[in-house]
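My questions all concern the structure below.
Chain naming follows the written order as A, B, C and D, and within any one chain the residues start at number 1.
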Amino acid sequence: MSEPLGVAVLGAGHMGADHVRRLARSVAGARVAAVADPDRARAQAAVAGLDGVRVHADAHAAIAEPGVQAVLVASPDHAHEEALLAALARGLPVLCEKPLAADAEAALRVVEAEARGGRRLIQVGFMRRYDAEYRRLKALLDSGGLGRPLMLHCRHRNVSSPPHFTSAMLISSSVSHEIDAARWLLGQEITAVTVARPRPSSGAPAGLLDPQLVLFETEDGALVDVEIFVNCGFGYEVACEAVCENGSARIGDEAAMVVRSAGRAQQEITQDYVVRFADAYDREVREWVTGTRAGHVTGPSAWDGYAAAAVAEAGARALGDGARVTVNLAERPALYG
Amino acid sequence: MSEPLGVAVLGAGHMGADHVRRLARSVAGARVAAVADPDRARAQAAVAGLDGVRVHADAHAAIAEPGVQAVLVASPDHAHEEALLAALARGLPVLCEKPLAADAEAALRVVEAEARGGRRLIQVGFMRRYDAEYRRLKALLDSGGLGRPLMLHCRHRNVSSPPHFTSAMLISSSVSHEIDAARWLLGQEITAVTVARPRPSSGAPAGLLDPQLVLFETEDGALVDVEIFVNCGFGYEVACEAVCENGSARIGDEAAMVVRSAGRAQQEITQDYVVRFADAYDREVREWVTGTRAGHVTGPSAWDGYAAAAVAEAGARALGDGARVTVNLAERPALYG
Amino acid sequence: MSEPLGVAVLGAGHMGADHVRRLARSVAGARVAAVADPDRARAQAAVAGLDGVRVHADAHAAIAEPGVQAVLVASPDHAHEEALLAALARGLPVLCEKPLAADAEAALRVVEAEARGGRRLIQVGFMRRYDAEYRRLKALLDSGGLGRPLMLHCRHRNVSSPPHFTSAMLISSSVSHEIDAARWLLGQEITAVTVARPRPSSGAPAGLLDPQLVLFETEDGALVDVEIFVNCGFGYEVACEAVCENGSARIGDEAAMVVRSAGRAQQEITQDYVVRFADAYDREVREWVTGTRAGHVTGPSAWDGYAAAAVAEAGARALGDGARVTVNLAERPALYG
Amino acid sequence: MSEPLGVAVLGAGHMGADHVRRLARSVAGARVAAVADPDRARAQAAVAGLDGVRVHADAHAAIAEPGVQAVLVASPDHAHEEALLAALARGLPVLCEKPLAADAEAALRVVEAEARGGRRLIQVGFMRRYDAEYRRLKALLDSGGLGRPLMLHCRHRNVSSPPHFTSAMLISSSVSHEIDAARWLLGQEITAVTVARPRPSSGAPAGLLDPQLVLFETEDGALVDVEIFVNCGFGYEVACEAVCENGSARIGDEAAMVVRSAGRAQQEITQDYVVRFADAYDREVREWVTGTRAGHVTGPSAWDGYAAAAVAEAGARALGDGARVTVNLAERPALYG
């Protein structure tokens, strides 16, 4: 394929607009063919300066544009399922921002629809799999050099949570990244969840159970603990230490300029995931475009999206009373073998 | 007091011999007056080159030596209670290596005996309180600059466990340091324990549940997680991150010479707690000698020793079935107010 | 301009092939229109899988291809002047890999030719100006927050030098990056050079004066020292510490995964500048393409290329006898204001 | 010797008082027998709370006290020679704070006097040889594992300089530590000095040439560069990187608690050499006391003190005009073999 891949971007919010910029500036071999957002002004703003982009209020209309060969879903969660099914119906490859769908049940319907089609078209936007440090850790674990992984210690901190963020969303929206990363790094499904939590920070909105300490058990007996603290106040931090039988490996301690002044040696902490994972997003979209043009999907699958949703739902139940909740996944279709 | 403090050291094993050396070489104002060990040859070896030290097989005989003004207990755990009661009976100040006694019940008897005497004579050897980094963390938390502490993340790793180490000893012998450190750093009692654990490392002796992830809850709603891994194979590591409402503080990432060679930047990891905490042990004994000569006890009390034992016993029960176990402490005597 | 920018890439060696890949994969808005290399097979290999690229043995033919709107020079140093003059003659924007020309005299001819044209068309490939850490340091220095810079301490290490590398090339080829970085960071010209050197490493080829310690003085009295060691054996390292009146700032201590194993905490050291500065190269070419399409040149100028060459030549003389050599620059044309 | 070593401390200023405290609190096997200071009140204050210390205004009287078996010289530089000769005359071991004497000529007289006596009695207080990190670096270099050392990069920074500090004192008083450290680490004499310097910091007192970059050459062709900056404003920092044929090793990046707050990860920087090298001072005095009681001197010799003075004087001359100055040492007496 020598022509650039025509992509319809659904959603022109924070992530959608970022992806439009990315496709237009940092990714070769693609072009933004259409953008859809119910807020047409927002969509227009996102494509300002770009030629040949059709703007729609309706996702279906964008997908149906001539020249659209692939879809990037960055619309609100509840709109994912319908958009994905529409793309599947047209046989279009999709990169869908996480979550795959609004809940595990909807995610399973998407999985089943894709499985019926017999062909992988969907990739879920778990961008950590494209982060250089995560990839290094994955390669090390896969090499077997440190032996079997026993524990993952994860930290996930945000400066502050967006409005309307709920206690369950600490797991479903934030920890979902660790759920996917743990499944991917360990190559195992998660089988049970427990949530412990201290008295909430007074820096968190009233009623929000923030921070939490989420524990996952895997089918091969590994243990994953995740500190999630979405109103830590001081920065965006994502770190992971894998403790294995013969050693440990830690990622996420970003390098930065060290400034010595006024009795302190200090480094700035990244404030935002778009900054922290900018390269990962670039690489994700670049590999997706390259793969799609070559006819294959290599990233996280719809099944990964479903499993993350199912684990997150178990986590939300575990949050309720502090008890251990087992995760019951549907049977995995052969397509995701 | 211008004469050096005459100290009877009970036990001439690894720690006892180390304390003899310390009193003789690194602490001013003290002298080893007597050493007791059932293995007299070992006791003789420990005092080789020192003048004026009386060697006994029996602890009571050492305590009763003329010139003995204070006692340092470094004998096996089961011998602590009897030695402590003997020292109390004579009104002698004691520095007792942890644990205070063989179990919580025995520890409580010691507490009660000291309380009956109405005067604090016993200090327990939780040496982390004398480590420069722990002190810095304690000072920071006490300053209130980071707000209320929400969580402590602790790592405690040993190269390998000694023979006969049991799964419960990971908590009672190793995590007891974190129990004391958490109580001290937070200024709160621990109220409940849960123990999670992955499938044991194949590097651990058969049957040993190693590693474990131990969770403590405190009376003010802080959460403490401790990775204890006594056969990690690569080094002795003790680290602690306090996550507070307005920031976090981390200690335990030792500085060391960075060597760049053969494609790697590397630092040696300390292999041994005697090396890692050498300065803390020195400071502990030095402050104990100075305080004792001035007539007061400032370090961890018998109550701290009892509380650590009671929490560790709850931990051992929690290890059994993974359930949450509450900690029930005896009433605290006014002496420890 | 909505059509992608047609770029002729001159030279299909290591850097040239890398730039072809970059234009084709990581830069939006550009396409490789032509490639020239006397070794046509090498040129063919570089464009394998790309459509619509014309391959030539001759640089002039590539530049003259219809559809060529800009030129990227990655040919051998001695071929730069002719290629640049040809591009200037056609009014084509050029991104020229450093050095600007084979020597300072040739570089000055290029400067004068561009100045006669009255319009900036040439950018020199000093990619460190596009490195995130260098940019952060530049922004900090420009902010004035640390006061006037007094010294820069620079380290520049390579695993091993290519064949035929000479003692003078340590300065002209390697330290030229620090020359440009220092001029840019400090916003000052370099006025004198001294070269000190230890007895050469036995790991360097016989006769090569490696390592060297190069000292630069600037017009405002700052001092720059550069360790250049091109056969250090263990990795590719570029670091810089700016010491200012009110503090210091250090960059170049790359973050990486920390692996603890076998008594060591270790991090991999990057082995190659293409890896270390991959993002900087991407950003450089991306900004050049974007700027060029918008009609302006923002990067390092031909004057910067000339100044680097003049300073490097002074350095080569200083290497001879260890004496201090002053730098005499030609008058700066108004174009470079 | 079972009695503690009776030490006369000459000088009760900052360092003298610190040594009195050290001998009384942190060093076993010694006691302060006498203290001398022209300011008797200051001497009295230094020994407050200690029993059995005789206080004198005159150094000779203190040395002559019965019970004085060794001397610790912490008086002003100009008083060293006389004190040392007096101690030598009485055959008393001496620990002399650096410098050995007021200038190289006086230092040589001390060397010759000791050499005539045929027995090493003098140790110079270059305490870095007792710092754990310097010792680790020394052991690594001596092991040969990194091959021949080629360069040392040293940083020596103070918050601010004391009153009356002169430009030459940056070398004679501050860099003298690096002079000794380099000679010791490399096991070589220094043969030439060059001093480069930027325009002085506006944070330094008017007229003080601060900072400076001092270059040393050694007899085996190693190169040592030292940044000395005594009014850096932000902290006390001492670091050293040894660049060898097969790798490099860096010390001096102190570990400390990392606090994350308000968008920054920060560590406190030590403000004072007494704090930074507290353990080194303790170890120095402890080993000196132990060695002295056993009848031998193991630390830096009078020759080391003389060589440091001679190199520093060459440095002061080099500071004048920026030219390279060779160091001419007297012949080394056989005593220092």
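Just so it is clear, a residue touches a chain if its C-beta (ideal position, glycine included) is under 8 Å from a C-beta of that chain, and two chains touch if they have at least 3 such contacts.
For each chain, UniProt lists the protein as follows: A, B, C, D = Inositol 2-dehydrogenase.
Bear in mind that the values here come from a model prediction, so they are computed numbers and not experimental data.
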Hey, which chain ends up farthest from chain B, C-alpha centres compared?
C
Hey, which pair has more contacts between C-betas, B-C or A-C?
A-C
Chain B and chain C have mean C-alpha positions lying a whole-number Å distance apart equal to 57
Distance from the CA centroid of chain A to that of chain C, rounded to the nearest Å?
37
Note: chain B residues in touch with at least two other chains are 233-234, 246-248, 260-262
So in the complex, which bits of chain D are touching chain B?
2, 23-30, 51-52, 133, 136-137, 140, 145-146, 246-251, 253-262, 279, 286, 290
Which residues of chain C touch chain B once you look at their complex with the stated criterion?
233-235, 237, 260-269, 271
Within the complex, which stretch of chain A touches chain B?
147-148, 150-151, 153, 194, 196-199, 201-203, 211, 213, 215, 217, 220-223, 225, 227, 229, 232-234, 243, 245-248, 322, 324
